[in-house]
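The two complexes that follow have chain A in common; it is paired with chain B in the first and with chain C in the second.
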Partner chain A sequence: MYLLRIAARNLFRRKKRTFIIASIMTLAVISFLLLESMMIAMMDMSFGNVIDFETPHIEIGRGEYFAEAEAGEILPLDETFSPDRELHQEIESLEGYTAKTGIIAFSGDFIAGRHEFPVQVRAVDPGTFSDVFRNEAFIVEGSFLEPGDEGVIIGAKLAEFFGLESGDFYTIRFRDADGSFNTIQGEVQGIVSTPHPDVNLRTVLVDKEYALSPLGIHEGEITQLMVRMENRELAVSQAEALRNALGTDELEVRSYRDAAQYIVSLETWGYIETYFILALILLVGAIGIISAVVLSAIERIKEIGMMKALGLKEGQIVRVFLFEAGGIGAIGAFIGCVIGAGLNFLFVTRGLPLGAFVDFSEIGIPLEETLYGAWNLSSFFVIFFVVLGISLAASIIPAYWAARKDPVTAIRHT
Partner chain B sequence: MSLLTMEGVKKTYGKGQVEVHALRGVDLHIKQGEFTTIFGPSGSGKTTLLNLIGALDTPSEGNILFQGNHIGRMSRNEQALHRREHIGFIFQSYNLIPVLTAYENVEFSLKFSGKKLNHDLKKRVVHILEHVGLGEMMHRRPNELSGGQNQRVAVARALVKEPDLVLADEPTANLDTDTSKEVLEIMVRMNSELNTTFIFSTHDPMVMEYAKRLLEIRDGNISHDEMRE
Partner chain C sequence: MQLLKIAWRNLKRNKVRTSIAVFAITTVVVIVIFSRGLIVGFTESSFSLYINNMYGHVRITTEEYDLREPLLPLDYAIRGLDEGGASEMAETLKQEIDDIQYILPRIRFGAMSSLNDDVVRMMGVGTDMAAEAHHGTLPDDLIEGRMPEEGNEILLGSILAEKLEKGVGERVTFMYSDAYQSMRGRTFEIVGLRESGSADLDEHYFYLPLKTAQDMLWMDDEVTEMLVFGSDAQKADTLQAELDAFLNEHGAEAFTAVTWSNADPFVQVYNEMDEIMFLVYVLFILMGTVVVVSTLSMIVRERTAEIGMMGALGMRSRDIMNVFLLEGVFIGIIGSLLGVILGGAITFYYSLTGLRVEAFAEITGAFDMLMEPVFYIAFTFENLVVSFFLGAAVVALACLYPAYKASKLKPVDALQGRDM
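Right, the complex of A and B next:
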């Protein structure tokens, strides 16, 4: 108790020093909390948009189809499959299963007037599509597809690019399953403006029933079977369970994370960057703590000598310095948590207009223009104890250096 | 039985050509309750002798026995325990802990003497501070007290744990004559009331006047040992 009291009073005795070093720790905590909040928010939004508009929790297709798609080649229409009854039963028996829909995704050129633009066309079943994807909820003009419709649903950015409105004519040129050029034509039936910038620009939806014949694909064949689950947490484990249950190399089962490797990489690099920044600031803080303990020991060398003369063991003197270093860390971390919470509250409620600086559709990241922060209470505890731990660890060697001073020299020190 | 026995104690600092022989073979017996003053010129070895007696330093040769225990053979932690249980120190520059009040400085010493702080011991802290004339100022910090008052706190701190031996290194060097007298009288009173053994090192003739035993040290040897009434 006395050692703690001495440590606490010494912290306030050297207010300026305590304040400067604690401020570095505060800066580290605030930076970490805001970067972490931004990372969580970006990943939540990115994965959420991928699941809602691109690849839901689980997708099943031929391995070759995915391989060619990832290689950047045009989406191959000769890599289709017909889901059998057993596959449907296995999917429906998955824990957290909600809905499924089959699609035929292929590459094409969207043509209107004299202009054309490369897009991904998804021939979908309007009866089940909206059970899995949320595009329908974001119709801003016209209406969504009905079975047998010859129209298309295009994104707001694509419509803007071509100056199209619902009812205008379009043509999509593509290579069919035999590799021959073919087209489908009709009217723009609806325009969607989703939170996924890439979907707004590059994805076109067409009724599967209408597209089957020009695509040269037989009834019942699809490129992907898309499955929606109750939540994201179940997706990876249930994809694994389905993979094991099917036990075939012919079909590949992927979770949304497998399908969105670019976001997973982004997440990894984002965290590496966050921890790197944190490590740099904490390193500066740790050096500050070391110098503070050394300076404190030099200034109080007679006090150390007296404590030794009074019979305090080296371990007890070490504790005084550890308490002081821990106190600086705790003050810095606590203030950082308080300020970090305040700034994060603003971030969560008001958001950050990232769109003003970056056009995410250009770099293919599924983010909206305004990014809203996220709360992760465990981060507050983790960063508090990390800063406290680093402060204590940084002070151990200088504290022992101080405690091992020869009492005779220390007492006579002038 | 002697409280303290020193047999052929030598202390040498440095090595080779820069060797300094601070003590050259001291034999000494101190009994419980003695009020002894060590005097001698600067560099004669007074402080070295006090450091060895107080287990702050270890001898290069010879034995130091405190109540029959070899303090020169103790580990650093054992020496620390020995100091906190048996020795009280008073230094020329007080060496109080600046962030603690007078009361806390005294209680701190008691707290780390291995005794459990109970109501009686807290009363003892107050009592001893009153005894040294600081009853009204016990909640002031060292920077709010005069030099003499600080030295009184140091005396109270050394005595509160009722040690077997109090070592005082030039305790009056920074004090004026009147304050020196007051502090010395407190120590004389403690010596007679509690039978606490005191060993002083000093240049101050006034301190010598109070001593019951005078030890003169020259060139690392005790050159004169005189018992007084």
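Right, the complex of A and C next:
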């Protein structure tokens, strides 16, 4: 306790130095907090868009279907299944279950006028589709599908490339379940402009009832059963639970994370980057701490001698310096947390206009124009203690160096 | 000269303290050199893939083509100035604009092949093989066989070949739509395999002689794009302006000339990131400088009495300031120099061996982005020089403050040992 008091007092003897060195730590804390907030926000947004428009929280399909879909470019139409009552019951009994819908996803060439373009067609059940997906809310032209319609819903980007408006004619050419070429045609019924760029270009929705017979698929068969849950956290654990409950090899249960692997790797990469930057700043911070301890030791060389003469043990002197370094780290980290919280508050409420820098829709990352920060309380604690720990660790060697100074020469000499 | 000596001697008075300050600067300079090398290396390798394979320095297409590029339309082709043919247009451009070194005329079109029960989609590039030989990218990436010369010879991406289960000397049949949108098939002979390192290029592209492509697609003397190469990729803007002016003059407004840096959104993102990164570098140097400044402040404090003495002996306050400033500058220079040596060694090492980043390759595979999964960190003299001066200059500027304070001490106060 006594040593702590000495250290605290020493800390404020050179206020300027304490604060200037602490400012490095402050910077480390602020950059970490903001980067982390940005990462979480970006991932929320990306995963959110995947869940809303591509693959919801949980999808169920045949293992072979997913394997082939990932390996090849053509979705296999012969890997369909018919969900039985038991499966429906299991899904409905999941914690946080909200809605489910079955779709048939297949590859086709969208043809209009003189051009064609490969797309993913989703034959959907208009009755339940919008309980799970949010495409309907983003219709910008025309109307959404009704059961029995022969029309399609296409994305705004595809419409732009083809110069299509609602009411124009389309043809989709595909290989049916038997492998022969077949087509469906009709009118463009609606155009959606979603925040998910890939959906705007490559996803075409058609009514399942209409598509079934040209596809050569029996009533009730689907390629994927899509399940919406209350939130992302529940999805992964409940997917696991469902997998165990079903206990079959034939059907595979995937969470949104399995389906959106590229975003998961993007997330990993983002974290690697954040920690790399943090590590570099902390390295410089550690040098700052070393320098601070050495400077105060040189300055106080007489005092060290005096302390020794008064009978303080080497270990105690070491601790005085250790506490002092810890104090610098704590001050820096605390100020950093306060400023970081303030900046993050602005980030959360005002948002960062990402669209001003980058046109994400061009790149294909499902991000929107304005990015809003996110709060993560645990990162405040983590960074505070990391900085404190680094400060203490960095000061060990210089503290021993200071304590080893010979008392006699220390007092005699400057 | 005298001041220099004083400053130098003073630095040696407490070696531990000085070396820590020097070490701080060394560290931040190494960090800056490494990050710059990483980013420059990464962008350059990616940029050169874009330039050499996709856009040239400036790419000419028709405006309609530019709008609908993902569809790979064949009916918005370049038919030449006043429809006089693409080859004549290329010749005219070369004559009229001095900066143009060469032009790669190309036709890109979609093609398919069926394999077992699956369809493999790919992109065919009909290109002038003589010009490609001069350009060099395709011959350089050749891992087996030779370049196509005529007829039905094609060069295949290595991953695509694996997917099709074919090798050099074998035949493949591809389906494609010609300019009149009729489905056709044609059998080609694989004469070479290409490995560029970029998964996208190696998995989806095959190359064939331009003449063959024009014949089979019914596009006589037409191309979909022209990749124009000037003397320097950095001067693409001026080349683009010249091309634009020329095209407008000849009433060819339907054409559009786009520089490589504007053609792809990824390239634009990198370019903007570069500017933001400069701030980050300065920030790092500033953090290192903090250590130097606090060291220097302590030195000034320690020598308060000496400063008083110097003042009393008639040394002008400017000289006093210079002594301390020089000490700071020495620390900055020595630290930066060591940083340059260490950072140079690290970047040089990684510029040879490369840094493998598998995680990143996985991500980029998911996007339509050209890059190699190995980072060759750029080792450039420019990087070392810039980082050195950045380090030395920032430290010198920051040391102005403690030095100025030292010079403002009044001799009497200073001699009495009053603290600042």
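Just so it is clear, the second predicted complex is superposed on the first by the 384 of 414 C-alpha atoms of A that agree within 3 Å, B and C clash if a C-alpha of one lies under 4 Å from a C-alpha of the other, contacts with A are read in each partner's own complex, and residues count from 1 in each chain.
By our rule, contacts are C-beta pairs under 8 Å (C-beta built on N, C-alpha and C of every residue); 3 or more make two chains touch, one makes a residue touch a chain.
This structure is a prediction, so every number in the text was calculated from the model and none was measured.
Using the contact criterion defined above for the overlaid structures, shared-chain residue A:Ile24 touches chain C, although it does not reach chain B.
When the two structures are aligned on the shared chain, A:Ile6 is found in touch with chain B, with no touch to chain C.
Of the two partners, chain B and chain C, it is C that touches more residues of chain A.
Of the two partner chains placed by the overlay, only chain C lies in contact with A:Gln261; chain B stays clear of it. Of the two partner chains, neither chain B nor chain C is touched by A:Phe345.
Contact with neither chain B nor chain C is seen for A:Phe381 once the two complexes are overlaid on the shared chain.
When the two structures are aligned on the shared chain, A:Ser291 is found in touch with chain C, with no touch to chain B. Overlap of the chain B and chain C contact sets on chain A: empty, with no shared residue. Partner chain A is touched in their complex by these residues of chain C: 14, 16-17, 20-21, 23-24, 27-28, 31, 67-68, 70-71, 73, 75, 117-121, 177, 181, 265-266, 268-269, 272, 283-284, 287-288, 290-291, 293-295, 297-298, 302, 359-360, 362-363, 365-369.
On chain A, the positions that touch chain B within their shared complex are 2, 5-6, 9-10, 13, 302-303, 305-314, 316, 407-408, 411-412. Contact residues on chain A toward chain C in their complex (touch as defined above): 16-17, 20-21, 23-24, 27, 72-74, 107, 114-118, 161-162, 175, 179, 201, 261-262, 265-266, 268-269, 272, 280-281, 283-285, 287-288, 290-292, 294-295, 298-299, 357-359, 362-365, 401. Contact residues on chain B toward chain A in their complex (touch as defined above): 47, 51, 54, 56-57, 76-77, 80-85, 87, 89, 91, 93, 95-100, 104, 107-109, 111-113, 157.
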